[in-house]
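Structures incoming, each one as structure tokens.
Each of the next two complexes has chain A plus one other chain: chain B in the first, chain C in the second.
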Partner chain A sequence: MRIYEVFLKADGKEEFRHAGSIEAPTDELALVLARENYARRAEGTHMWVVDRENICVSEDGFIDANLNKPHRHNDGERVAKWRKSQRNKKSDD
Partner chain B sequence: MKRSWASLEEFEQFLDNGGIVEPVDDMPREYRQAVFDFIEMHANSELMGGLTERDWIPKAPGLRHKMSVIAKTQDEIGHAHLLYMVAADLKIKTREEMMQDLFAGKSKFHNVFHYRAKTWGDQVAIAFLVDAAALVSQQAVFKNCSYGPYKRILRRIIAEEGFHLRFGEESVLRIAEGTEVQRSMFQESINDWWWPALQLFGPDSKPNDLLLRWHIKSERNEILRDRWIQKFVPLLQGYGFTIPDSGLRRNEEKDRWEIGPIDWEPLKQTMVMGGPDSARRISEASDSWDKTGWVREALEKVSV
Partner chain C sequence: MIKSVLPSEIKEYLLAFADDEHLMGQQHTEWIGIAPFLEEDMAFASIGQDELGHASMLYALILEDSSEIDAFIFNRKPEEWRSCQLVESNHRNWEEALIRHWCYDMAEDLRWELFRESSLPELVLISERALKEEKYHRQHADALVENLLTVPASQSRLTKALEEIVPEVVELFSSIPGETEAISSGLVSGKYCDVFSTWRSRVENRFGTLDSKLFTTSDHQSRTKRHSDFGPLYGRIREVFLLDPKAVW
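Up next is the complex of A and B:
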């Protein structure tokens, strides 16, 4: 038996979401068991089941918070400042 | 991301700040055990509840009720299934070991499944009172649960328990509108099930309750119990039934119902498998497991 992770997605809506896991001997039966356990009341119209062993998991720290790269998060402050100064100029006129 | 904490204090601070623990995290041993015990008991209770429900499929009054009971049975067994998966991921027991412990009377399940449902009235009382009590508890856990996989699976379970509750309410209404025989049958069921349902919440939470401290539960037992009482006393009385509690009174000043003293002895008995129907229930569950062994065997055979 293998453990499968189950993902569901409703038609036309958002992304696939992890629903939970299921134990099954084959891919085909995993789909059947996932349907019976996770989609009895139209919880989704599309389903993925993935053998847990086949999921590649990133190592700790592999995803960097990148807090030292503020340029990736342009906060628009410079432009906002300039716009404000333009507005002030106008009202002074 | 696998996280670890230098001390229990640091871990508790993480929880107090709303931190959510995931299975890959290096959580303290005591927390892992507490979460596991809690989920295992929930899973066992869903399974035992599902098996009781199943017993009523052939006996349900009419096709409409029969179909609802079949759907409910599938839901309860399904919940058990999902919860056993979440519990197994904590790597304390395998699913097989959890089954064996349940059948050996070594692990717990809710007190209400240690009593026998003798009539359809009992089954309706369970659907109405017990399912509501379970739902109140689950909602309180879901609201603030610090263990991620349990919180997420509870969302699904709670949604389905909502359907069961509506089914219970509809069944009560049908009996309430029924004949005198039906009404008196249901009154007897209320007499039998009121106290076990109320005891499902457990005694007042202790000040040092670890489940509360670690945000596995978010509300105290007595608060949940009282919320249930305030809802169900007027509901049952509204249908013209009485509550089997001679100490019950209305506190008009506080605008609340107050109940008489609770005898905790029956609850204690169920916790050590000494309830009136514990032995039969466990052996029925074990038989059912054996009888369905061929399905597991067949699955193993096609396993790649």
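Up next is the complex of A and C:
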């Protein structure tokens, strides 16, 4: 038996989302079993099943070497405030 | 659209199909929680629910009122059922349940195909809907069987189960009360037994040539007789209903 990850996509512009995982002996049975386990109530219109062996997994710390990065979080508040004050100044003139 | 009242022979004919679907669905769903692995017990029960859905559409057509279905199911006398022995018998182990699923679903789409050009528009819609689902039921059964046949121990268990079950499937195809009237009125395009050879080829293509004796049946009247397993099966179906027969669900 192999483990497969199951992804479903609802109709329209929705992206594929992880629905769960499933154990199956072959690709075909993974598709058939995933259909009944995860999509029997019309949860989606498209499905991917991916053998977990084929997923490239990053090593620990690969993406979270440093979680504290305030310099990358710019919500634009200060710029918006400055531009608003400039606009107000113009209308006062 | 005003529904025409169906003649009693036609109702009798459709009832055989509805009862087969109902009891097959019931038997499949009973594997929830006890099938060999989690994914399969969910999948098998889900396929059973599809069959219950088909039964419910056929019952609604026969009764002309879907609100009457529950009363019709739960209060019917055993002799008023028209199911075949295959769906009434209690297959206790997994290989028998799987082989019955394979055999029944390989026969079921052939049955729905006969309604594709029915004179009754509702039946055309129901058959189209059922056929879409049946494609995946067959794929499920066949992919499992194909896989298990590669393991010698599984192969011998499946073959033994097949030899037990094939004679019961043969009886599923035997003439159904009301079939002549159903054909002459255009409700159905032909006799179910005429597609038996297609079913037999499917069996022998998958499992190899079987003893011809397995494909003959001695009893052609068994839809009016109940299998000895019917009583306990009907008991399980009515278990909750009988707690309070007057309850409104």
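Annotations for the structure displayed:
In the analysis below, the second predicted complex is superposed on the first by the 70 of 93 C-alpha atoms of A that agree within 3 Å, B and C clash if a C-alpha of one lies under 4 Å from a C-alpha of the other, contacts with A are read in each partner's own complex, and residues count from 1 in each chain.
In this text, a residue touches a chain if its C-beta (ideal position, glycine included) is under 8 Å from a C-beta of that chain, and two chains touch if they have at least 3 such contacts.
In this text the structure is predicted, and so the values were computed from the model without any measurement.
With chain A as the common reference for superposition, the partners chain B and chain C occupy clashing space.
In the superposition on chain A, A:23 makes contact with both chain B and chain C. Counting the residues of chain A that each partner touches, chain B and chain C differ, and the larger count belongs to B. By the touch criterion stated above, A:60 is placed in contact with chain B alone, chain C being left untouched.
Within the superposed three-chain model, A:36 lies in touch with chain B and with chain C [touch as defined at top]. The superposed model built on chain A shows that, among 23-31, 59-67 or 221-229, the segment of chain B colliding with chain C is 59-67. Comparing which residues of chain A touch chain B with which touch chain C, the overlap comprises 1, 22-26, 29, 36-37, 40. The part of chain A that touches chain C in the complex is made up of residues 1, 22-26, 28-29, 32-33, 35-37, 40.
Within the complex formed with chain A, the chain C residues making contact are 37-40, 42-43, 46-47, 49, 136, 139-140, 143-144, 147. Residues of chain A touching chain B in their complex: 1-3, 18-26, 29, 36-38, 40-41, 43, 60-61, 63.
Against chain A, the residues of chain B that register as touching in their complex are 1-2, 71, 74-75, 78, 81-82, 85-86, 89, 95, 149, 152-153, 156, 160, 299-300, 302-304.
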